[in-house]
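Labels A, B and C are assigned to the chains in the order they are written; within every chain, residues are numbered from 1.
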Amino acid sequence: MAALEVEGLTRHYGEREALGDVSLSLAEGQTLVVFGPNGAGKTTLLRVLATLLRPHAGSVRVLGSTLPEEAWAVRGRVGMLGHEPLLYRELTARENLRFHARLHGVDEERVQELLDALAMGARANEPLRTLSRGMVQRVAVARAVLHDPELLLLDEPHSNLDPAAIELVAPLIGAGGEDGSDAESTRRRTRVICSHDPGGDIARADVVLGLRAGHQVLLRAAVDVDVDEIAELYR
Amino acid sequence: MYGKGLRTLSIATAVALTASLSLVFFYAPLEAEQGFLQKIFYVHVPLAIIALCGFVLGGLLAIQHLRTRDPRWDMRSYVVIHMSLIFAVGTLITGSIWAKGSWGHWWVWSEPTLVSFLIIFLLYATYQPLRFAIEDPERQARYASVFAITAGAFVPMNFIAVRLSTAYLHPRVLGSTSNLPGPMALTFLISLLALSLLFATLCKYELTAKHTRAQLRALRRRLSGETSAPTRPRSAAPSLHHVTPRARAARGSAL
Amino acid sequence: MSGVQAPARPLQRTRSPMRTVGLWRTVGALLRKELLVELRTLESIPGMSLFAVTTFVVFHFALNRGSVEGDLASGILWVTLLFAAILGVNRLFVADADQGGFDAFLLAPVDRSAMFIAKALTLLAFLVVLELVAVPAFALLLLGTPLGPALPWLLVTLALGDLGVAVIGTLVAAMAVRTRARDLLGPLLALPLFVPIVIGGARAVAPLLVQSHVPAPAARWLLTLGLYDLVFGLIAYALFDFLLED
């Protein structure tokens, strides 16, 4: 089953087109990396896939369900990490994650699991406003994968993270099977990543999409793309 | 496409208004107590009725917008509410003049219609600031619709509450509209018809103008290449994501 | 499930897409979060209560009266409560809009009406606590008549009024919070909408605040309040979800 099937997706912002006629398809377990300058529509695309925005034209099918009519069937199977951490600063990491666990019907043991994986230690019980941005970003990642989504949408996931943190976080947002865990977890997760780092992220990609001013300029298997073409987008 | 029938409507309005004015000044008898000033009743009450119906209609149009997500319904709702607000101000002004003339005060709390209108005016006066404060056009339209529906339901509720609160203070100063003698009733009805036509014509004008301008902008964008179009400055008025018919057919979608 | 705990251990991959969290569970989760945030920040409740008491003092100086009764007392009480309520309305969604974000809630497999119910209940709770402080303060500082005999009907009227303020307040708060002039638009939208509550509430309470025998309030005012609560409760419930979307 294709995880994503997008055909002619268009979305307006008033009279301007935020996304114009975008089409792509992604199989289950694949990783799509989206490149493009600011304002190209990457975030809009991600939000449409997350069911947060409705398409104005075209068709979108996520995990087999048509949006926007069947959006309810997709929620809970999608995890998103956007620009905002979506966490309450006055609450602790543990309290924030517990709250999200309840919203998703997830057991609370999972919260402890993630806190351990992030090596938060005692900081997990302090209000988020006392933590550094890097640590908050880690908790945000945990929030995004808490309910073990089939589709993971990441908008520049490595922002604010130092290399050590990036390492900690990798198994959580990875496609699975990278950490030698048991057979169950090797079933790969589908991912869409928005990125500004052509060098690093092409390696992770199966498919690459280039956007400029809302239109798709490039859509190809990652092996067929080189870094210079991506750099062109930003000119 | 949108201007269809506009000329007919305008002519009908002009005719009706002329007829109405003639009736008011030359046909309707002078009222015993209040004299000439009473004739303002033929303007004040129709304005009030039309404004109230307009506000409720704005709410109904907003319901359609939320159901279909088509921005054209929001445009209609916006124009109708906008026009009703103007008619509401007219109601307040004519009511005030009438109150001054027959009771000596520019404002009377004992007249429930006037008081209700003041509250409704204060409420709907926030409609445009609310719209202006939201930049994302789709969200602006959606929030405006929620407001229009809430406010539309508020209008009758408010009337009931205010009526109850003034009922036991003084008898109605400005008189009721029932039991009108023949000539007065006829004049009133023609007046109501004329002002309703005026309302409809003005709304249609505004809708046509907005649609035309949006189409023009879409064509300009198409000619110069879509990416080079500057974004419109922030505005309280709804925007239509107008697509030229050929492009719409190519996309195969209904807006 | 047993086995080695790998960090990204999948949970029930084969669960059906219809797994959603029930309405009241979600309301419970939201209420717990609201309570936690309010206890940590103590923004709304102390502010509202203090505002009410200070306003009574201001009224004393503004009206140059040591004690009030009847219409005047009723009016002062309702106006003060409403303006204090507006403070709570302004703060109601701020933490969500600025930090927690509505997105996380929108992505969860929950019944979205839970947000409206939870927030309205929160506002209602704030109002109750406000009144626990404001009504005794009013009786102490300004009220010239005994509070005791008036209390039962006063509480009934306040309860009806609070429901109306809670539903309209929640709707208006959600409308205003993600706009540019959020602190200004909230009160501007709310006050005209509150007028029927003032009419019903003040007219109902006025005859209670008298020296001699306290009658029951006129039924029409209580009915007005009840009708208002019902109509706007339903409308707000139906429309709220449209405000949550991006």
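Observations, loosely collected:
Just so we're on the same page, a residue touches a chain if its C-beta (ideal position, glycine included) is under 8 Å from a C-beta of that chain, and two chains touch if they have at least 3 such contacts.
Everything numeric here is computed off the predicted structure, so don't read it as measured data.
Here the chain at the heart of the shown protein, by mean C-alpha position, is C. Most remote from subunit A, judged by the distance between CA-atom centroids, is B.
Averaging C-alpha coordinates per chain places the centre of subunit B 32 Å away from that of subunit C. Note: centroid distance subunit A to subunit C, computed from Cα atoms, is 37 Å.
The distance from the centre of subunit A to the centre of subunit B, with each centre set as the mean of the Cα atoms, comes to 47 Å.
Shown for subunit A are the residues that touch two or more other chains, of which there are none. Shared contact sites, meaning residues of subunit C that touch two or more other chains, fall at 245-246. For subunit B, the set of residues that touch two or more other chains comprises 136. Residues of subunit B that touch subunit A in their complex: 69, 136-138, 214, 217-218, 221, 226-227, 229, 231-232, 239-242, 251-253, 255.
Against subunit B, in their complex, subunit A makes its touches with residues 8, 10, 12-17, 20-21, 54, 56-58, 213.
Listed in rising order, the residues of subunit A touching subunit C in the complex are 47, 50-53, 63, 65, 72-80, 82, 84, 86-91, 95, 99-100, 102-107, 110, 113-114, 116-117, 127, 143, 145, 147-148, 150, 171-172, 174, 176, 179, 181-182, 184-185, 187. Subunit B meets subunit C in the complex at residues 66, 119-120, 122-123, 126, 129-130, 133-136, 139, 142-143, 145-147, 149-150, 153-154, 157-158, 160-162, 164-165. Residues 3-11, 13, 17-21, 25-26, 28-29, 32-33, 36-37, 40-41, 95, 99-101, 103-110, 245-246 of subunit C touch subunit A in their complex.
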